[in-house]
Amino acid sequence: MTAADPNGALIVAVILFSLGALGVLVRRNLLFMLMSTEIMLNAACLAFIAAGNRWHMADGQVMFMMVVAFAAAESAVGLAIILRMHAAGRSTLDADTGNRLGG
Amino acid sequence: MSQFLADHALAIYVAFTVIFLCIVVALSAALGPRRVGAARGRSMSLPYESGILSTGSARIRLPVQYYLLAVFFVIFDVESVFIYSWASVVVEAGWAAFISVTTFVVFLTLALIYLWRSGALEWGPKHRRMPVKVPPNSPVELVKIPEREVV
Amino acid sequence: MSFSFLPNAVLVLCLGSLVQLAAISWRRHVARDAILCVIVLVAALASIMMPTALLMNGALPLFAPDTWASFAGALIILSVLAIVLMSRHGAISADPTVNSEYFLLLTLATLGGVAMTGAVHFISFFLGLETLSLALLGLIAFQNKRLDAGEAAMKYLLLSGVASATMVFGFALIYAETGSLRFAVPDLSHAPEPIIGTMGVILVLTGMFFKLSAVPFHLWLADVLEGTSVPVAALVAVTSKIALFAAMLRYFSSVNLGVPSAQVNEILIVAILSMLGGNLMAVVQTDLRRLLAGSSIAHVGYLLVAFLSPVPFGVASAAFYLAAYAISTIGVFAIMNGVLPQGTDIREWHGLFRRKPAAALAMSVMLVSLAGIPPAVGFFAKFYIVAAGVSAHQTLLLLVLILSSTIGLFYYLRLILIMLTPAPAGRESHAEVTSPTPVNAALITVLACATILLGICPSTLVQHSQALIVASPLPVAAPTQLP
Amino acid sequence: MMPIVWPILVIVVTVFGVLGVAAVSTMLERRLLGVFQDRPGPNRVGPFGLFQVIADAMKMLFKQDWIPPFADKPVFLVAPIIGFLAVLLCFGVVPITPIWGVAGELNVGLLFIFGMLGLGVYSVVLAGWSSNNKYALLGGMRAAAQMISYEVFMGLSVMGVVMAAGSFSIRDIVEAQTNCWFIIPQCLGAVIFLLAGIAETHRLPFDFPEGENEIGAGFHTEYSGMKFGMFYLAEYAGVALSSALITTLYLGGWHGPFLPPFLWFAIKVFLLICFYILLRAALPRPRYDQLMSFGWKVLLPLSLLNILVTGAVILLRAGV
Amino acid sequence: MFALPALVLIPFIGGLAAWLVGLRGASRAAWVSSLITLVLMVVLLAQITISSFAAGAGAGGWFAHFSMAWVPMLGINVRFDLDGLSLVMLWLNAVIALPCVLLSARNVADRAGLFHCLLLATVAGINGVFMATDLFLFFFFWELMLLPLFGLILIWGDAGRQRAVLKFFLFTQGSGLLMLLAILGLVIVNQQRTGVITFDYFALSQTALIAPIAPVLMLGFFIAFAVKLPMVPFHAWLPDTYAASPAAVSILLAGVLAKTGGYGLIRFVVMLFPQASAHIAPLAMTLGVVGILYCAWLAVAQDDIKRLIAYSSISHLGFILLGVFSGTRIGMEGAIAQMVAHGLSTGALFVIAGLLEERLGTRDMSKMGGLWPAMPQLSALAMFFAAASLGLPGLGNFVGEFLVLMGTWQVSHVMTFFAAAGLVLSSIYSLTMMLRVFYGPKKTESLAPLGAPSVPHIAVLGVAALLLLALGVYPQPVLNLSVPASPHVVSIAQEQAQ
């Protein structure tokens, strides 16, 4: 297997990151927004892998694992909160309805 | 060419498998008969194709355990990644890493015990917290509620 | 071969959280868990004072054994300690929303914060940050009876997720540029592709500003503070900011922020916007927590002024300011929690001087401190920051600071004014005024005394903060050679 | 010419070999069950009913390609493909003999397998969900819960082997067993892996996703024709995969005296498949909650313990 | 040695004592405690004065000194020094504070302890301002003295107090922050020159300032003091605040607090930045003249008696600005005399206004009239102070204003002319006030029985009248004593200490 071109991977990562950011901004469904943040994190993961490849160091992969672990924890908590909100009586995932707080 | 094949054997395998399976599905679609009109049984459009009409939507809310389980899976599976990364370099990393991993596993076990104790792993029948109350002049016969009931 | 160093406090807090987890698993007992939490925090505080630390040879150097870490770490632990004492109000009573896990999460949040303050490596920083964020997230969602808590938590989750992702992506770009995960802003003067590194630094900064809730990334803070319980609001407004600011200061310590560059411009703009925006936002609020959110944002702006004025007072003044801010803000929240836990609307504070004179007096002291009026500690803090700004010739920033703190004065004083005047007829408050528990009252007293005493005799704290500059050779990243 | 043909040949033979093994397994199961339960089993088509396999295949291929009108069509269509694909792809990294195997030398072969097995969860969940039928949905959810639970222990239980071999490459693992099969030092891991394998392929006694006395046919209630056939084949291919993995990871793969490597491999796999079928015949089905509790409360701690003990032993023996 | 800090601490501790006493609800006890404190303070002040003279201190020198490290890392010390100007201002403070306490015995029944506590805290802060020679300390007291005022006005003020107090606070604090900037700028410049961080007034006065910095720093100080004084464009807070304050507080505000601005102008603007302040002098003087005329004009148009006095006060304070910036010794002397005299006369007028408000229940002059027959003693005294205010020769204000005009004459004839025109307006509104309040027909019948003013009132007003008279007839001792000491002169006590 040949090594992927780090710059190409970086560009892909930037695109992924932008897509994720766009998703957070545009999507109104909480689950999709959560997924979009995960995409942003994954873009960072990809960038780390690419960078680690560029410098031939394992640091990038270590960081990758950390980020993945965090992403998992974050989505776990996020899902739990959504469930909790559901149980508390909010039956929609539309983020626009989350405006009981006056902001 | 051959070098390419050797290098990308897995990729070619994947491509081949995907194409093959698609062909199989397409083939069955092409070869199978099509029934329209009267030839199409009335109950074919019903769930379970048994003629029994189902009630309600199939988009039901599932017990919370399923969601909890998904969360635990995500956490434990990702945590095990750290063990994976140690597993391939046990000898090289030496005792220091072993101590770290032991700490990690202790944490993980403790978390598991916590989940266990807080009842997150309970799937089975639960005791009803509150006995079902039947009004005194209810026409319904007082049905004996079994001690353990599946919820 | 470099020495790796694990701060005592991190170890103690790790162990403590483990013990707490085990204790909860064994049997739930809220009072015991609260006491356990206090014990762990005190032990961590004691361990910070201890000079020895665990040294490991050959591992990644993740933490710096310096006074700055000790100072910020101690500040974080103390603030959490105050928050724990504050929360005992609900814990002792039959209120089920404060139970065992609450204290465990507080310990974890402390762990994250303390780890961040000492971090000199992206990995340790990221771990600390996320430990803190996730614990905070749990705490924000904790009051699960209220729908608001869920919304607040969701908001925090999404925005802190975006912030983390942005920051991590920035780290990745910097790593791609420099090949090092050590904590240092890349020197881009002779990098092959400075654009990647610059973008990375800007993304990191943006992420940090998100988490610090600096304008224009501030929108979540007010909602989160409003939606969650008072002690947790204090945690969000104080502890997490101390941790982040400590880490940010360390991150930028190797850079001469006097020289204009993309990142300096961003900090400058954000500082100005935060000072003005935070104060203007607070002026129009009728909800006390939202008002405090605005105030908190503004204080972040003031801190950024110190941040941009590194020589010779910058670090010291920021340290002092952090301490002053922590004391006063926690004080405000403690009083809120002790006296008017439901009184989010500032109109319900009408006539507090009649109903609870001591609490109202303490509250006034805190507000005066936040407004920066003598003899409270906030005065000296603001003075110190202005001194830093003047010495660094940050004229524009200082003018904005003056202007915005005059605006700030308006709403702090208006609050005191409200407490002094009885409610207008027909608009009597319906929120119940409670008596603080003895622990809570003691906490409030201690904080109020600290606010005044430190304001009159700031020299001890100044000495500590000055020692930070002298004794802390903040780490500079070793230049990496291109392979 | 040869260097080009050889890899292609390997690929084609692997795919069709798996298909063939799966198909024959269905027959084998029915016959063996017949034996165990003292009844004939299929014995009409061809000698010993051997052609029953072909007949079944023809029947499925020519059945109506029925997609219920209430189902989510694209997802309904894709789900069985994913299911079968996941299993087939796993075989890509299993080395059958020292020279045979699509990509047996892949350095993260084991991780690849875990990845593909994870993909299998999508199949059941999507099938259950897209069927728009309560039984199917319940079946799909049960399958997902069961599979993801056991995936964790499966991964952890294999770590003992990885530690002993020092590699994630399956070929390396097999080669590390030249002297001693890993089933001896890793008997605990092997047992956990076997149990996890049963649950992963939702075979009896862990076949709750399609527990017919509870939820109809589970996640594939609405499936018929070739799409059902794919689920069906995927299940047997999964059994074969599980057997193949146990063989390579714990039973020394192709290693064995006298006989050629391929034959050793085939024998071991065959015996394991028979063992699976015997399990079906011999064991009653537990309750679903017992399955989950067993996994999380027993297997997970055991596999963690296994890892620590293995690591300590390896370090002691290495004398670091 | 500790006499100077004791001047700050005595009122402060006394205030706390009054508060503690008052907690039991004994307003009388709080009042007594407060009065004792003030008497103690006066005794101490007298002792300081006597010992200063005994030590042979002459005009233009420093009499006493106290120094103690505060925040040594930043070169901040608790440093007090006393010169003639400080001494005179301290006496003014004491003299004005006494009636405030005396007269509040009856007016303040509600939470008297707290009232006296805050009042004395203000007095303590003002004392600190008049003595501090460490710039940080000065700023500390400068801000500190406002805080109790805030409480005083807010709790005991009248209807419009909330707006008024916010305005007051924002103005003074905002300008105070500018001063903080200027102080820090000065300190940093000094640090860059000498390498030492210090906030010491004497050390900083040695700083050689180059052209672009000095005016900027000076402006910071100038604006802060101009707001406090108040100078005309910054005067908007004053009428509201004076009108909304309780009687005792308006006396303190008009009598002493405004003078801290004048004191600051002399001590910090002129003494620290002689060249820069000379540059700004024409502008400052012009503003002073504008203030004199404009506010006098506004005073003419007022119906509210407190507002009238407030505007007249601004108008008279314009003379201080004029005198300070005239750059002449005689102008400076006049300004100081004006500060003292104006403090006494305006304070007395506010006493009278407070009394009228208390008795009549209104401050609206259109509802008053014909009070002379009802309360002849008060009316006579009012006449006296109105005359003092309009600058009747023989009274203190005349001395001040005359000296200022003389000083100004040496600089600009035009300004002198316009400033003198202000005096004409001053006589118009003063006499109109007398006319509307005390002469003419009685406007309302339903007013409460007026009765004679209480003995303390008469005593206070009488003493003030005597002092004004003394100042008017024989001003020389005050003029001699009150010459501000130059920062370049080192005090005797300090020399001894070194």
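Residue numbering begins at 1 within each chain, and the chains themselves are lettered A, B, C, D and E in the order written.
We adopt the following convention: contacts are C-beta pairs under 8 Å (C-beta built on N, C-alpha and C of every residue); 3 or more make two chains touch, one makes a residue touch a chain.
Every value quoted in this text rests on a predicted model; they were computed, and no experiment measured them.
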Subunit D and subunit C - chains in contact with each: B
For subunit D and subunit E, chains touching each: none
Chain pair bearing the highest count of C-beta contacts: B-D
Centrality ranking, top chain (CA atoms only): C
Farthest chain (mean CA position) relative to subunit E: D
Where subunit A and subunit B are represented by their mean Cα positions, the distance between them in whole Å: 23
Computed distance of Cα centres, subunit D from subunit B, in Å: 16
Whole-Å gap separating subunit B and subunit E, where each centre is the average of the chain's CA atoms: 81
For subunit A paired with subunit D, centre-to-centre distance based on mean C-alpha positions, whole Å: 32
Multi-chain contact residues (two or more partners), subunit B: 70, 77, 116
Chains grouped in pairs wherever the two touch, ordered by label: A-B, A-C, B-C, B-D, C-E
Partner subunit D, residues of subunit B touching it in the complex: 1-2, 5-6, 9-10, 12-14, 16-18, 20-22, 24-25, 27-29, 31-35, 44-45, 47-49, 54, 58-60, 62, 65-66, 69-70, 72-73, 76-77, 80, 83-84, 86-91, 94-95, 98, 101-102, 105, 108-109, 112, 116, 121-125
Residue ranges of subunit C touching subunit A (in the complex, touch as defined): 122-123, 126-127, 130, 133-134, 137-138, 141, 144-148, 150-155, 157-158, 161-162, 164-166, 168-169, 171-173, 175-176, 179, 181, 196, 219-220, 222-223, 226-227, 287, 290, 480, 483
Residue ranges of subunit B touching subunit A (in the complex, touch as defined): 7, 64, 67, 70-71, 74-75, 77-79, 81-82, 85
Subunit C contact footprint on subunit B (complex, rising order): 96, 106-107, 110-111, 113-114, 116-118
Residues of subunit C touching subunit E in the complex: 353, 368, 373-375, 379, 383-384, 386-387, 390-391, 398, 402-403, 405-406, 409-410, 413-414, 416-417, 420-421, 457-459, 462-463, 466
